[in-house]
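What follows is a group of structures, each given as structure tokens.
Consider the two complexes below, in which chain A is the common component and chain B and chain C are the respective partners.
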Partner chain A sequence: MLSLGTLGSGAVMLALALAVYAVVAGTLGAVRRDARLQTSARLTALAVFIAATTAVLVMQAALLTDDFSVKYVAEHSRIESPTWVKVVTLWAALEGSVLLWAWLLTAYTAVLAVTAPNTVMRPWALVVMQVVQVFFLSVVALAANPFIVLANPPLDGPGANPLLQNHWMMAVHPVLMYLGFVGLTVPFAFAMAALITRRPGTEWMRLTRRWTLLGWGFLSAAIVSGGWWSYEVLGWGGYWAWDPVENVSILPWFTATAFLHSIQVQERRRMLKAWNLLLIVLTFSLTLLGTFLIRSGVVSSVHAFGDGPVGPFFLTFFVIVSLVSISLVVWRWDQVRDRADLDAVVSREGAFLGVNVLFLAMAFAVLLGTVFPLFVEATTGARVTVGAPFFDAITLPIWMLVLLLMGVGPLLPWRRAETQTLRANLIVMTVAFLIALALAFAFGMRNTYPLLTVGLAGWNLASVGLLLAGAIVPRARITGRSIGQVFTRYAFEQKRRVGSMVVHLGVIVIALGIAGSGGYRVDQQIRLPYGERVPFQGYELQALRPFSEQVAGRASVGVEVAVFQDGREVGVLTPRINRFGTSQMTVPTPSVRYTAGHDLYLALAGAVDPQQDFVIIRAVQSPLITWIWIGGAIIVLGTAYALSPGERPLRRRVGAESTAGAEA
Partner chain B sequence: MKGAAVSRWGVARKRLVYGLFGAGVLVLAGFMINQALNTSLVYFILPNEYAQQPSQYEDRRIRLGGLVAPESVRFDDLDLQLTFLVTDGIESYPVQHVGAPPELFRENAGVVIEGRFDEGVFVSDNLLIKHSEVYEAPADGHIDIEALRESLQ
Partner chain C sequence: MTARLAYLGPRRATALAALASLAITAALSFGGALAQERELDPRVFEIGRELRCPTCVAESVGESNAAIAREMRTLIQEQLDQGASRPEVLAFFQERYGDWILLNPPMRGVNLLVWTLPWVVVLLSVLFVTRLLRRWRAAADAPVRVDPEDLDRVRSELQEPLGERTSH
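Up next is the complex of A and B:
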């Protein structure tokens, strides 16, 4: 009988073979301008997707039917695990993650093959996508094959990594991350196609605008949800520790955010051609470099993904991608060189350029801090880590400047600002800044960065208000309609603009959450004798009783703690320690009371000993931390709004193509 | 074509200003990065490495790795003061940590503690248990330093 392992390996091999064919046919078709070969390559993209989907389905079948003859299932699944855990086990370990990544890539490529407008660039863009596809499929087939058949299958497995089983967020976060990475592969592919076809104008970025935004939105959602997962699982009450795994996820986000802004400069002013190309190359190659760093075990991480065989593959591909794409830029230098020049620093493009420099500086500093231990160990043999203070010291001042520019930039016109309007706007914003600052000070805030953040939130709110007023009031005056009507119409017509305002609002909300939780966190261990009320930050905590719980695949031991506020019971928290399957690893699982003002976060500090008449817990109070997750949701909503189809972008697209044609 | 000449001169001057500004920013950034790196580099060492050059790690935050020495653990549950000896088989140092012993904390467990030395006592504010399959605590008291170091990384 054909085993699932063989079937899966076969599907991967078939997908790989088809992808290789698609690269060859696509390249020949593009070089010879042979429409039949091009169509063949496009249709093959669909076949690759079907083969890869088969592989994923086979893996799911193996996981759900507990087929331990498949190596990946034997190593990462367990009979008694709940069904949702079995499903997400696909991305709970290295081999499955790479399979998922490869599969999403084939899905995007197939969609692109069907929907991308028929331009000179399309065949080349598909070739680039398919080259990336060949890389990922060969990693699955050669270095990290999850379908290897075991001669002596075990009766049961150890189950997925306990840290990952411990929260449903883990079902979402990795998928979002890969959707983001893969989404940003599309503009990269079109950038390469633009260079190859000598059309480094704005056409490639117009064609991929939605993909870029989609990838960026997924990546943002992935980073925020990863933070939430850390908060709910790791038990130290924080969400971001500047751990290498976190750092490499935010590196491409920095460059993608810069890219998102600088492509607008090129669209409007025909500037920054080479810069944009380099940014998207950097974004894509950083996803590869990041995967190499954390999957090869060269940097150690608390998330402990461990050593894997895929490291050399990713490093090689990273080097190839960087060399080839940078050579392409250099080769086409005559066409990508900017001919226009910045008219004035105080202009929209000036602000965008400034924010670009800031994001790149952050990316550089974070990358440096992440790999610096490698240099030190290579040169002196000493083992070091770069602590969170380094990353805070570098990124916090830069973030302040980003927030400052975020308020000014959208208000500035392209080319050159009128000094008078600008001055009036700046006065309003400065007043708002000072009012917010004074309010924060009156509420007892004294730390520099949190104070500045609150002030800059006021600055930015004023800026959004001015933007909307500037857009709506004159229209209302001319048309004689009500403000509400004009606003609705404006919001419907200017989806990108309004979407970007919403995203910026989300950024402010997150900044406030970080300021509160970072600057005013109270974290302490408390001894709670059973039955006694112990004060903590305006609360009283009372340990009621220890409990233990057995559910499918999980055993928990914990304590019920009643929470009182002003003498009234407001809830019961149940911090616990989970143990999954036969794993020796225990996962302290916090219990959180979410409120708008602050969170109360309780975690067990040690073992729960039934002989003791007390329990020791770690209590953390984090002001405003919930707003980080809410801000993340606002960013997603804003991105989705900007992406939502409307009448206007459609009309613009037609205009855009005709101007792009004229330019070429 | 006087206008063109002026604008070319203008462009050149603008480039010069941008270039100088950019260079200034780069120098400043380099300085800041260097400064920040120097102050937040945390060395990972074993007790015997500290014993060789205690002055090098004076007033520096370090990560100290080792095993929890048998029969050295004291925990005062009223003050939440945990004290124990951390050892690598060559040297051992007393450790002071505020907080409960974590779930898997036991004698001969591999630990990494973060903090500073204060007059021969390591004052820790972060205690991590390393449960590694690579390194098993020895029964005969002999500790392989390299294996220990690897297991604690």
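Up next is the complex of A and C:
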């Protein structure tokens, strides 16, 4: 009988074979300008997607039917797990996540094959996408095959990693991350195609603008949701620890953010051609390097869920990608070098250049800090530690400069800023900065970075206000309409611009959240005798009673803690310890009271023993931390708004227009 | 208390400590899996976040739930109770484990590299960009040379009535 394992392996093999064919046919078709071969390669992209989808569906079938003859299921699933856990088990370990990554890549490639406009670049861009596909599918087929059939299947498995089962966010965060990584592959593919076809102009970035924004949006959402997952699961009240996995996930985000800004310079001023190409190459290769670093076990991390033999594959592909793409840039140097001119440093393009330098510096510092211990140990044998305090010390000043520029940049016109307007704007912003600073000071803030952040939040709010006023007031004056009408119209017409303002607002909100929670967090371990009210940071905590709970695949013990504020009960928190399946690993699961001002976060620190008349809990008060998640949501909204289809350009056919007119 | 950690010996302690913490975790049943703890001040966690949890992969003493991290937190509290200051507590651990235990790499020896390189790179890129900008400024200031033939063409095209050509 055909087992699911064989079927899955077969689907992967078929997808790989088809992808190899697509690369060959696509390359030949592009070189010989053979339309039939090109079409064949395009259609094959759909076939690859169907084959890869089959593989994913087979894996889902195996997970949902508890087919333990499939190795991946036997190692990572469990009969009594709830259905949603079984579904997300696909990306709960290495082999499955590579399969997911490969599948998303085939999906994007198929969409691209169908929707990309027919230009000279399209065949080559598809070839690049398909080469990347061949790489991921061969990793699935050769190094991390989840479909290996076990001769003696176990009766039940251990279930997915408890840390992953502990929160529904696990269903979302990894998928967002891969959607981001894969999304940024598209501009990379078009960049390569632009070099190959000698069209290093702005065409490739206009064609991929939406993809870039989409990839960036997913990556941002993935990073913020990952932080929230840490906060809700890891039980120490934080969200970002500069752990290697976190670092390598933010590296491509830094370079992608730089790219997102600097392509605007090229679109507008035809400058920075080579630089933009290098940035997208860097972004794509950093996703590969990052995967190598954390999956090969060379850098250890709390999040490294399952090491495997895929490290060498990723390292090799990283080296190949970097060498080939940089050679391409060098080969086409005559076309990509800038013959630019610049009127003034104080201009929009000047600000974009500045932000480029800042993000690249941050990426360099974070990469250096991440690999430094590895590097030192390999060369001298000494063991050194580079931890969170280092990363904070290096990146915080750079972030302050980013926030500073974020306020100035959008107000500067292209080419040259008019000194008078600039001065007037800067005065308004400085006043806002000082007012915010004074307010923060009056509220008792004394730490440098949080104070500066609040000041810069004022600076940026003033900047957005000035931007909107500059766009709306003159329009209202000319047209005689109300501010509200003009604003609605403007927001509808200028989706990219308004979207970017919203994203920048989201960044400010996150910055405030980080300033509050980073600078003014209070952690305490306290003893709560049952029935007694114990003060903590303006609250009173009262342990009511211990409880235990048994649901499918999960056992919990915990304590109900009543929370009092000003003598009034405001809620009951239930910090607990979870255990999944037969795993010996216990997961202390915090319970959080979210409020706009600060969160109250309780986690069990000691045993819940019925014999004992008290419980020890870890209580954390984090000011403003909720705003990090809200800011993340604002960024996603802003990105979605900028991506939402705007008004169609006026290119309707006369006939269509007249019928539309008749109907109206 | 000091003895409790000292028997592990400095630096080489990690493997032993890992074994010890495994044994401790295994010995306790569910529900009692978290060893009994005492009360800890906020300062303990602040200092703990500066120290690496020796048996963990990438967590600080302030964050980790590993047995050794719990033990070290207790130790920090005891030292604070005895009136030790933050630098003194950090020095205590540094003496036993070496610089490796500090998450903030001390600025000496090979660590100087990690502290200075980012700023060197910032400086170099600023220099590079400044040079680039100067070149571009020069290009902008250079008089625009126009081919007389082109100029004639543009002039003649400007004479044509509007709307006949699509403009870009």
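Assume the second predicted complex is superposed on the first by the 645 of 664 C-alpha atoms of A that agree within 3 Å, B and C clash if a C-alpha of one lies under 4 Å from a C-alpha of the other, contacts with A are read in each partner's own complex, and residues count from 1 in each chain.
Basically, contacts are C-beta pairs under 8 Å (C-beta built on N, C-alpha and C of every residue); 3 or more make two chains touch, one makes a residue touch a chain.
None of these values were measured; they are calculated from a predicted model.
K.L.:
Quick one: on chain A, after the overlay, do chain B and chain C clash, or do they fit? Just give me the call.
P.N.:
Result for chain B and chain C: clash.
K.L.:
Per the contact definition in the header, classify A:Met170: touching chain B only (first), chain C only (second), both, or neither.
P.N.:
neither
K.L.:
After the superposition on A, what does A:Leu342 contact: first (chain B), second (chain C), both or neither?
P.N.:
It touches chain B and chain C both.
K.L.:
With the two complexes superposed on chain A, say which partner A:Ile394 touches: chain B (first), chain C (second), both, or neither.
P.N.:
A:Ile394 sits against chain B and chain C alike.
K.L.:
Would you check which partner chain A:Leu234 touches, where first means chain B only, second means chain C only, and both and neither mean what they say?
P.N.:
A:Leu234 sits against chain C, while chain B stays out of touch.
K.L.:
Quick one: name whichever of chain B and chain C touches more residues of chain A.
P.N.:
Partner with more touched residues of chain A: C.
K.L.:
Using the touch definition from the top, say if A:Ala110 reaches chain B (first), chain C (second), both or neither.
P.N.:
In the superposition, A:Ala110 touches no partner, neither chain B nor chain C.
K.L.:
With both complexes overlaid on chain A, does A:Arg527 touch chain B (first), chain C (second), both or neither?
P.N.:
A:Arg527 sits against chain B and chain C alike.
K.L.:
Return first, second, both or neither, reflecting whether A:Asp243 touches chain B, chain C, both chains, or no partner chain.
P.N.:
second
K.L.:
Considering only touches as defined above, state whether A:Phe614 meets chain B (first), chain C (second), both or neither.
P.N.:
Touch status of A:Phe614: first partner only.
K.L.:
Using the touch definition from the top, say if A:Val321 reaches chain B (first), chain C (second), both or neither.
P.N.:
Touch status of A:Val321: no partner.
K.L.:
Quick check on the output: what are the common chain A residues between the chain B footprint and the chain C footprint?
P.N.:
300, 341-342, 357, 361, 365, 368-369, 372, 376, 382-390, 393-394, 525, 527, 577, 584, 586, 588, 604-607, 616.
K.L.:
Spell out the part of chain C that touches chain A in their complex, as residue ranges.
P.N.:
Checking each residue of chain C against chain A gives 25-26, 28, 30-42, 44-46, 49-50, 52, 56-60, 62-65, 73, 98-105, 110-111, 113-115, 117-118, 121-122, 125-126, 129, 133, 136-137, 139-140, 142.
K.L.:
Quick check: in the complex, which residue numbers of chain B touch chain A?
P.N.:
So the residues of chain B in touch with chain A come to 11, 14, 18, 25, 29, 32-33, 35-37, 39-45, 61, 63, 77-78, 80, 98-105, 131, 153.
K.L.:
Would you tell me which residues of chain A are touching chain C in their complex?
P.N.:
234-236, 238, 241, 243-244, 271, 300-302, 304, 338-345, 350, 353, 357, 360-361, 364-365, 368-369, 372, 376, 380, 382-390, 393-394, 522-527, 548, 555, 557, 577, 579, 584, 586, 588, 604-609, 616
K.L.:
Which stretch or stretches of chain A touch chain B in the complex?
P.N.:
Going by the criterion above, the answer is residues 300, 341-342, 357, 361, 365, 368-369, 372, 376, 382-390, 393-394, 525, 527, 577, 584-586, 588, 604-607, 612, 614, 616, 618.
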